[in-house]
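Chain naming follows the written order as A, B, C and D, and within any one chain the residues start at number 1.
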Amino acid sequence: MTNEYKELTLQGLWKNNPAIVQLLGLCPLLAVSGTVVNALGLGIATTLVLLGSNITVSLVRNIVPNEIRIPIFVMVIASFVTVIELLMHAFTFGLYQVLGIFIPLIVTNCAIIGRAEAYASKHSVKFAAYDGLMMGTGFTLILVLLGATREILGLGTLFSGAELLLGNWASDLTIVVYQTDANFLLAILPPGAFLGLGFIIAAKNIIDQVIKDRTQVKDKKVVQRARVTGTDI
Amino acid sequence: MTKLQVASSPHHHNQRDTGAVMRLVVYAAIPGIAVQTYMFGYGVLVQLALAVVTAVVTEVVILEIRKKNTERAVKDYSALLCGLLLAISIPPLAPWWIIVIGTFFSIAIVKQLYGGLGFNLFNPAMAGYVMLLISFPVQMTAWLPPVSLTIQNVGIWDTIHTIFTGYTATGFSIAQLQATVDGATMATPLDHIKTALSEGYIISEGLNNKIFNASMGVGWAPVSFAYLIGGLVLIKAKVINWHIPASMIIAAMAVSAVLSIYDMSTHASPWFHLVNGSLIVGAFFIATDPVSASTTNRGRIVFGALIGFWIIVIRTWGGYPDAIAFAVVLMNLAVPLIDYYTKPGTYGHQNKVRNMAKPSPAKKSQQGDK
Amino acid sequence: MKGFASFDTVLERLSVGRLWDFPGGVHPAQEKSLSNKEVIKNLPLPEYVYVPIKQHIGIDSELLVTLGDKVLKGQALTASENPYAVPVHASSSGLITAIGEHPAAHPSGLPEMTVTITLDGKDDAIATQGISQYKEASKHDIISAICNAGISGLGGAGFPTHIKSNTIKPVEFLIINGIECEPYISADDRLMREHAWQIRQGIDILHHLIKPKRVIIAIEDNKPEALETMSIACQQQSEYHVVSVPTKYPAGGERQLIQVLTSREVPSDGLPIDIGCVMYNVGTCFAVADAIIEGKALTQRVVTVTGKAIDKPQNVWAKIGTPVSHLLENSAFDVNKQAYPRIIMGGPMMGFTLASAKIPIVKITNCILAPAAKELPSVEDERGCIRCSACADACPVSLLPQQLFWYSKAKDYDVAQEYDLFDCIECGACAYVCPSEIPLVHYYRQAKGDIRAQLHEKEQAEKARIRFEARQQRLESEKQAREEKHRLAAQARTKALNSNGGGAKDKIAAALARAKAKKSAQLQPSEDSVNDGASVNANKEKLSPSETASATKAEAKND
Amino acid sequence: MTATLIALAIVAFIALILGAGLGYASIRFKVQSDPLVAQIDSILPQTQCGQCGYPGCRPYAEAIANGDEINKCPPGGESTIKNLAELMGVEVKPLDGAHGVEAIKKVAFIREDECIGCTKCIQACPVDAIVGAAKQMHTVIIDECTGCDLCVDPCPVDCIDMIPLHESTSNWKWDFSQTQVGDIPVRQSL
């Protein structure tokens, strides 16, 4: 793996993660991360759109006039979202119904247009594609993490409703972590998403701080002071 | 070696520190708590003890983690007060973990995560209450009837047993305890009216119930009045200003008056709204929490009035019977905005330098306009 | 009509004794009875007096005396051409034994230029000539007599009195401030009780100078005796109103008192004169009477020495320049009653702690306060602000002290100024009521200091930029001029060469070639014999400094 | 199928119109940005000390405008970095220690009895704050001195000191940590 790919991986998954660093695409992130399966479904959909749009934007980057690039990116993204929506409608109808409005809303996911504008429109196709993949994966990971947390806290289960995404065989995947009659509704409700996201971001910052403290290297450099004044009078 | 004391003026200080202020609020709540205990049983005291212990322990642990001065923070009694306010708001026989989770949430998340005393955006007790109410609606609405109406005599041992196991020592569940003398299941007055209205009854029919005594909820109205006394003491002692309680109560009464004039049969009277539920305790003890309330006097009036407005709106059209917590938390959000637009005019800024020799008529009329 | 009542309205309300109020304010325990029971005492002369050259908010003056001079009481030590300057005087007779730095009567305790006089104990005064018939004298003479007597406001700010009195704007109310709202202090109280008549004379003089429509003598209602004596002293003058003002701190603040008496607000960017008011402290009136009628300079003032660590709290006549230690010794200061050394100059609300007991009494010193162990307990550590807004309720100028505190602490000075930081009068009411014991005023002072320093830096930077650019331009134009000169010279030479014909040209070329050959022959061996570094150095000496710099740079790069 | 085609055509048409509008707007409403360099220059402290590695504050301002780091100015210190970060929309960074440390403001002072009148410091001063002439004693105009210390090195006899600005009662900033503990009577029995 070359340096660029390594850097892109790091950027997408950690350093510049769209969900917890750039805080983009919060609307679907907060809304559909109630369970792991919902989160995974939306995450995959977003990743696919991101991949497609990054490739396309990168392909056309040299022929798009600067002034109207944003409308064009939006059209590209909208087309891919429509494709994904139709695919989900066809193959994972249950999930399609659960996610509802949030699939079309991927069009307005700032993470996607953000990558198109910030990266894909300036780099070659292979890098843009890889960037899209990594950013999408980073986004999906956070979604799944948040979904898992909320699902465990709120329902006491994991992977409930897996059949919606993977077909009927997957209904056995559901894990019951604990049984309760007093569900912690707050975790399932939107405030739970905000709180959960806050804690994930806090955890990330703590880890970063620890890493930084460990790898504190002192690079000494010497700077030559400029003589402001000439004396060649 | 005694050190030379150099300091900025003033060298004189009022002797009432934060701890004293908070203590006064706690003392002022005592009559209310006493009446509440008398009316609703020992559960109130048990919840109070649980809440206070949880609050102080949480505060200490988090302050230790944050490497802050623990001792002084505990001595300011703010955690204790927060636990107290939460404890008096929840049903006396709610399971123990309700109050523990609620208090922990109030202190750890709502107060300390925002930076501790003075930095919290929301009223910790009310944010904790909201969290509990939306997370555990069943447990949070399981109010017992006032002691005078119950068939079961719940003693102190029964109370503790119920709070920790869900059943009295003799094996009754909360649902059984909720039954009144005439066998009807009991709810709070506000709940009762809400249910009655949803079942198509009109207000006067709803009031025609054992739990009401001249439209005052048995047990509820005395508690309100006891808190009112404490609140007036607080105003007298200048711990709180009159602005928030006054504007809040007046606004709530005004809104409900308008509504009940509009339609007597489906909207309860202002008097009903005042004495049933937590309007008074909210106005004097909860909305006046200095940290999360507005900080200017004009702002306090706006803040209180809007809380009063929301209380009636939520009680009338909302999904929950009582609304203090929602209204307070909602208005906490608006505080920075209110503060910004209610800055008092600084001395000397109304009139910039004028010419005294000939006060021009234009300027005079301008003043008149002001 | 907020903030401005007409003359008639004010008069109407004065006549029935109805006043206005200012917002906020606090009621600290008064403690005035410690010191206000006994008459003002005269102290034995101190050994030295330390007279700071600058005692007012004006400009530094020029010294009139030198080391070793003998001076008499009332002799001017400084003089200045600047109209804002006020002279200082020797406060007793003696020898000038030092002129140098001495701890100043300032919160910082930093030294200031001070004249030290070793007293001879005779207290001989310089001959004086008063203007007893001041009504016949010209306004200019009276004003300059006030100035020469060294009078600057004795109330606290120390604004030169002659400037204030020399107003050309019409004045409706001449207000005499006998409020003394700080706890503990009773200097003005005693002065009014014992010297009401002379204060009246001072008021008469000021009345003659300023010609106000009315005179209001305002005294707080916790000083009934002073109220009575002043009323008796002023009963003959119909346009003098002696007014009892409700006790509330800081009612004695100039702007607050004007608001209480007239409901008018001094514009934040203006002076009381802009709303037709002028205010003097009673002590200033007393000094003015001394200066005009007796011709005496301001050499002493009443100082309250009080506090529970003082066994004999009292009011004394203190010579300007008397070290604080002398006052403490003569008032039976018991150091063992204090938990830690702490002497406050001024009142407990706005005074400052002293770093040294050698600090002298100055014209604005009204109190020396030595609190005992449990009196005025000092604040340990501040706690977090609980946003209770007790400070806003106490603020007499309707600021939001809490917001100011946030922004001052965060060094967000632009916003702090938006919240009118500079309208704060530093009265300390906010910090007094703060339950978290935050030293609010201290934060404001630091913020104000920083803002002033920033402004100063900005000005300096702008000046430096202009000078730098001017210099660059000058260097550039000099360089161009030089190049132009060289070019012209070269042109002239070429021209000369061409006109002289090929022979001359060849000759010069030959000469040049010879010189070049010689030079290279000389250089060759030296370069062989020394190392590279030395040759660089050798070259360097031929270079101009700027080239040296670049050469050094090149070397550094090579390193 | 025709329905799709019609939709496509409509969308294409709308896109064309809107695109044209956008293109026009981008030319018509082009914003002339403020001269950034001047703004940056006004934030810099104008000591002209060269510690940033550029000959003067303006060259550094130009460098920042072209993307150089904002943390190279020791005389300006934290507050300058903060202001620059705000202006440039970048994150605040700690001062780059390689360029020097933020120190209290000093001014140059020439020990006049040692001065030989070589004028080297005069040539070195970026703001013409030193007066004097060849073979004459030089002196620093304290009010004009920026404290850049560029005059110290060129001096052949090392007679220039950088001394901190005198703190007096008029520029004191309520910092009690600097207050000298004086001779206030102290209780003996402790």
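Basically, contacts are C-beta pairs under 8 Å (C-beta built on N, C-alpha and C of every residue); 3 or more make two chains touch, one makes a residue touch a chain.
Just so it is clear, the model here is predicted, and its values are computed rather than measured.
Chain centres here are C-alpha means, and the one lying farthest from subunit C is A.
Between the chains B-C lie more C-beta contact pairs than between any other two chains. Once the centre of each chain is set as its mean CA position, subunit A and subunit D turn out to be 40 Å apart. We define each chain's centre as the mean of its Cα atoms; on that basis subunit B and subunit D are separated by 53 Å. Between the CA-based centres of subunit A and subunit C the separation comes to 61 Å, rounded to the whole angstrom. Residue positions of subunit A with contacts to 2 or more other chains are 224, 227, 229, 231, 233. Touching two or more other chains at once are residues 2-4, 6-8 of subunit B.
For subunit D, the set of residues touching two or more other chains reads 48, 56, 120, 123-124, 126, 154, 174, 179, 181-182, 184, 186-187.
The residues of subunit D lying in touch with subunit C in their complex are 41, 44-48, 56-58, 79, 120, 123-124, 126-129, 144, 146, 154, 167-169, 171-175, 178-189. The touching residues of subunit C, counted against subunit B in their complex, run 1-4, 22-23, 26, 28, 107, 109, 169-170, 172, 183, 255, 259, 265-270, 273-276, 339-342, 344, 346, 348-353, 355, 369, 371, 376-379, 381, 383-389, 392-393, 396-400, 402-403, 419-420, 423, 426, 428-429, 431-437, 439, 441-442, 445. Partner subunit A is touched in their complex by these residues of subunit D: 11, 15, 18-19, 22-23, 25-26, 48-56, 59, 72, 96, 98-99, 120, 123-126, 148, 150, 154. The touching residues of subunit B, counted against subunit D in their complex, run 1-4, 6-8. The touching residues of subunit D, counted against subunit B in their complex, run 174, 176, 179, 181-182, 184, 186-187, 190.
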